[in-house]
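Both complexes shown next keep chain A, but they swap its partner, so chain B is in the first and chain C is in the second.
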Partner chain A sequence: MNERLRYHLRAHRGAYGAVIMFIVIFALYIAKHTMGWTVPVLTTATNKGVLLAIVAMAQTLPVLTSGIDLSVGMVFVLANCLASHLVVGTPLQATLGVVVVLAVGALCGLVNGLIIVVGRLQPIITTLATGTVYFGLALGLRPVPGGDVQSDLADALTGAQLGGVPSMLLVLVAVVLAVWVPYRRSTIGRAALAIGSAEAAAYMSGVPIGRAKIVTYTLAGLLAAIGGLLLTFVTYSGEASSAIGGTYTLNSIAAVVIGGTSLAGGAGSAIGSVFGALVLRTIGDLLFVFDLEPLWQPLFQGVILLVAVSLGALQLLKVSNRLELFK
Partner chain B sequence: MNGVVLRLKRSGQLPVAAAALCTLALLLVGSLYSSNFLSADYLLLQLQIASFLGIVATGAMLVILLGGIDLSVPWLVTVGGVMSAASAGWWGDAGATFAIPFGIACGALFGVVNGIGVAYLRVPSMIFTLGINAVAQGLIVVQTGGFAPQDRATPTMHLIATGRSLLGLPNALLVWIVVGAAAMFLLHRTALGRSIYAVGNRERAAYLSGIDTRRVTLLCFVIAGACSAAAGVLLTGYSTKAYQAMGDAYLLPAIAAVVLGGTHILGGRGSYLGTVVGVILITLLQSILSVMQIPEMGRQVIYGVVIIVMLLVYGRGRRMSE
Partner chain C sequence: MLAAAAPNAAAACSFCDPSVQPILELIDVSKRYGGVRALEHARFACASGRIHALLGENGAGKSTLIKIMAGVVQPDEGRIVLQGQERRFLHPQDAVNAGIACIFQELSLMPDLSVADNICITNPPRRFGLIDQRAQRRIAEAALARAGAEGIHPLAPVGSLSLSRRQMVEIAKALAREPKILILDEATSALTAADVQRVFALLKRLRNEGLAIVYISHRMHEIAELADDCSVFRNGQHVATFEAGTRSDAETVQMMIGREISHAFPPKTPAMDQAPAATSAAAAPPRLEVRALSWNDRLHDISLSAREGEVVGIGGLDGQGQREFFFALFGVLRGVSGEIRVDGQAVKPASPRAAKRAGSGIALVPEDRKTDGLMLPMAVRENLSLAALDALCRGGVIDRARESQAADRVVKQLSIKAPDLDDAVGTLSGGNQQKVVIAKWLLNAPRIILLSDPTRGIDVGTKQEMYALLRQLAAAGTTVLLYSTDYAELIGCCDRVAVFFDGRIVRWLQGDQLTEHALVSSALNIEVAA
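Coming up: the complex of A and B.
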């Protein structure tokens, strides 16, 4: 048992590192905040953090297969714009709208997956180009920011439940349980990790490479769309902004790395990425409660990001044979 | 015909030829819309605009050949623009004289940090350059917000970016020709160039062959940083002003141009000629779409679809079973 625990800790040390980092930073944030541990503070923090957490989960899946999805931010924006049109009216209409938005997100992911698998193009350049297309579509839906969203649904999802638990936190847990856990435990999920470790070996062992990749990218699209949908509930509107899309894509990659998933693929988990995203978000808020001059905030955020992603360099100290440095 | 394709395929120049054909096709389609697309004036103007992207793509290509990627392009372009303009504000006439080298040196300095992070700390380039991009952004915000330095381009910068000399060729184009010739010489005629391809193919093998792969990587990132900043200096001269986020429009087109020109995104393969063709192709595509007054939405969609379709035609990878 002890052996297994030790193995578990070693395999997931990146994720646990992110959890500890998050607890420390968040404790500091709450301690310094004038309102402290109260429902409004927690709800606001969750509403901001969960959006990036879900997009970071979306990014994790392709990264596990040693791919990458640079279109997650744009699918996120597209879902936001679509939801600001469709998730309105009676509860039934709104629910139907939610289904359509999620289906469109999954479709975007499916297109990515098909181009990568059937078209045999590299993920990085494929998703770069499809991201432009998805952003164009979002722009067509919302040339200027605006729109609306079903307010009952929005209030329910962005408020707090009984006992002061933020609803968004429950949504996040539900998404993890409904998407990540089944994926990770399925043959497809294991195949994705095998592809990330050694694609040629996985192919030789009869792993369904094509199918695993297509499912992976489709789920990434679906998750990004869930994020975009939630953004609509937070902002009550849709906006086709390439800046928002770009920021979410880049932050999702950073969150994945901070969460202990290797960009080379084959190791990591979406849970780590969730905490990586929460760390990134809390750092931004931390600068705010410490009354740092606004002018210096982007610089501090940049430096902290740089330091956080460079922590992996500590492993260099353990390298005994210099050849191990070069892959 | 088949024989030609086969020979091109073997020489690795097939993507270059295909991209060049696409460029010509694009011009012909454009000329159906308006005969202006074939006029020398229009083409020279496009080449002038292409030189900014061409210089960024030169640096991006070196890094991609190594098997890395440089995501710090947007804010390093801004660093080049803002710092060169600020140098004139800080040190008066003396600063104006050194404005251009100063701006480029600032970019190269960020390139050094990029190189140290990627080559020596072994952080994946995608994530480290992302961090440097954020740091550069933070520094520029502090720098422009705190001291409000001059943001006007110096007359020399303006002249280099917009003037025409030598046979009526735009000066910016001449700059690109010089940078391009240097890059071609570096890649195809020097030991460093061969090392770059070797590292991109398999760094471990290159290291065992006695190449100081980390120094090669560092040098490429320094050149890439200098290229981004140089494009920023030119861009400032062109628009007479340096402004925040001026480089945002250059990251994706630069990568797209390099890849459309046949450079393999995972490194080790590609020719500079391809990048030149790719840059011209991307610039013409953007220009023709905007001249045709297609709304922004359609432009983005067509742009993305064209890249995917072109790569599907000639940029596909091998089957696993091969």
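Coming up: the complex of A and C.
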């Protein structure tokens, strides 16, 4: 049992590092905040953090296969624009709209996966291109910001539940339980990790490589769409902004790395990425409560990212065949 | 002397005991890679309850044969018959499903995953569609116990294990698939002595349980201990199959060689064949002197000295530390102990960049020219000047005129056939590509040039040119270290040959001792009366 714990900690040290980092920064934030540990403060913080957390989860899946998805931010924006048209009206209509938005997100991911597996293109350029296409669609749906969203649903999801627990937090937990946990424990998720760890060895072991990649990118699209849907509930509107899309894509990569997932693939977890995202978000708020100029925010985020990445690179100091540094 | 064919080599092609029904049979399989013939109408059969050893030199076709059995490559022609039924394996998975488990030389493990994950990767136990971690751990524990490796924790990440332990995991992974046929390709080469004994006991037990085991090893004493049957391959063809113990080691080695040395080699410099005479040359320090070089557990106490204008061969089976030895000299490895002297000066190159500098003047022509030797999409001219750019630039700006001049010079010297030096080097033929890699270093005027299997995969004509070039370089005073998997080449080109085994130099051969027979038997680290 003891040994089991040791291996568990070893495998997830990156994720636990992000958890600790988050607790420290968040505690500091709450301590400095004039209103402290109160329901409105927690709800606002959660609503901001969960959006990036879910997009970071989306990014984690392709990264585990040593791929990348540069289109997550654009799927996020596309889902937002689509939801501002469809998630309206009666509860039944709105629910139907939610289903369509999520299906479109999954479809975007499926297209990415098919191009990468069947077309054998590199993930980075495939998703850069498809991301631009998805943004074009979003722009077609919402040439100017606007639209609406079913307000009962929005209020329920962005408010707080009994006992002051922010609803968004429950949504996040539900998404982790419904998507990440089954994925991680399925043969597909296992295959994805195997691909990221050593693709040739995975092939030689008879692992279904193509199927695993397609499912991985599809789920990434689905998760990004969940994020976009939630954005609509927060803003009550849709906006086709390439700045938002780009920022979410880049921050999702940063969150994945802070969360202890290696960009080389094979090791890491979406839960680490969730905390990585929360760390990134809280840093901004921290500067606010310390009365620092918001100008400093990118600089601090960058420093945190560098520190997190350096910790991960420490083991390279042990490599004794320098050729292995380039593999 | 050795060229005379052994009588039994050609005659005996009978499969062992006709009454034993083979479980797996390969009939007349052929395989070509591009223009290279890897297997030519080869036959092979193995039976349940027997350990069948595959023997042959480097490039004899053993690896291709087992890759065909494992579904990794498909034969161009021929049939695979499993238990009386003809089968086609299009993917490794097909062979696994048919009950064939293969343990390859290159490990097929995923380093980031745990031991249990790796063992169950092909078909993990499931509950409600999800992987059942507990059941998986039980399976892994059982498989590890069966392999005699109970000491390995199933939750340990494979990347944290030593090479020997990883190999044991690999064996456990194969066993967890409940195979009928188990193929081991050099499975013991990375094992510690204790693990080798465990594996041997295991293999004997599995044989008695009725498995068919195909075993490839270059260690003759292992084969003597384990094998029931032996099959010898040479140049992609089946030479003989016989019951173990019915042929002597000398006869077996003869079957493995069996051919005449057909290449024409330029004459060696006569004086270099002998120990240095008491002339002025002997008084000067040797060009390269290596003392007690060691690195990790791959190189042990290597000492060697080479004079100006000498061609020293590095022999032995593939993967005995020859490559690492070159890497150590060239500054690629970290943590190398021992001493390296060039012209009497101690050097300790910290990188290839340091190694090529004037102080040491070492050049390395790596064996994988496509990944380590060339920038395939870049122009021929750019590839040629790459190592000598420091000398071809002015204030950090490349002097295009001098670059072209230098490139033209070596293109002429090596008669590289390139329509235009601005074409991508990837458009050239293999032989010309290899010439570019060598020419690149000649522009740097190295004092010592390390060649790692420079004629692999190139045509006979270009090979002849390479041999002549080697001699030219030596005559001009360059010291050449040539690692080659082709024994004929070592004999024809080298003044002396150091035979590597397990990271050590086990034997020096020169003059009349430098024969194929001596090379093969010392590479196998056995004593065979010549």
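The working rule: the second predicted complex is superposed on the first by the 295 of 327 C-alpha atoms of A that agree within 3 Å, B and C clash if a C-alpha of one lies under 4 Å from a C-alpha of the other, contacts with A are read in each partner's own complex, and residues count from 1 in each chain.
In the analysis below, a residue touches a chain if its C-beta (ideal position, glycine included) is under 8 Å from a C-beta of that chain, and two chains touch if they have at least 3 such contacts.
Because the structure is predicted, anything quoted here is derived from the model rather than measured.
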Could you look at A:44 and tell me whether it touches chain B, chain C, both or neither (first, second, both, neither)? neither
Which partner reaches more residues of chain A (counting touched residues only), chain B or chain C: B
Is A:267 touching the first partner chain B, the second partner chain C, both, or neither of them? second
Output check: A:323 vs chain B and chain C. Expected answer is one of first, second, both, neither. What do you get? both
Of the partners chain B and chain C, which touch A:196 in the superposed model: first, second, both, neither? second
Is A:7 touching the first partner chain B, the second partner chain C, both, or neither of them? second
Taking the superposition as given, does A:301 touch the first partner, chain B, the second, chain C, both, or neither? first
Which of the two partners, first being chain B and second being chain C, lies in contact with A:207: first, second, both, or neither? second
Which superposed partner A:137 touches (first chain B, second chain C, both, neither): first
Determine, under the contact definition given at the top, whether A:186 touches first (chain B), second (chain C), both, or neither. second
Does any part of chain A touch chain B in one structure and chain C in the other, and if so which residues? 200, 203, 323
For chain A, which residues count as touching chain B in their complex? 68, 115, 119-122, 124-126, 128-133, 135-137, 139-140, 143, 199-200, 203, 209, 246, 250, 253-254, 257, 263-264, 295-303, 305-306, 309-310, 312-313, 316, 323, 325-327
Considering the complex alone, what residue numbers of chain B touch chain A? 69, 71, 117, 121-124, 126-128, 130-139, 141-142, 145-146, 203-204, 206-208, 213, 248, 252, 255-256, 259, 265-266, 296-305, 307-308, 311-312, 315-321
Could you pull out which chain C residues touch chain A in their complex? 72, 91-93, 96, 104, 107-114, 117, 121-122, 124, 126, 129-131, 133, 153, 155-157, 173, 295-296, 324, 327, 331-335, 351, 372
For the complex, which residues does chain A have touching chain C? 3-4, 7-8, 10-11, 182, 185-187, 190, 193-194, 196-198, 200-207, 266-267, 319-323
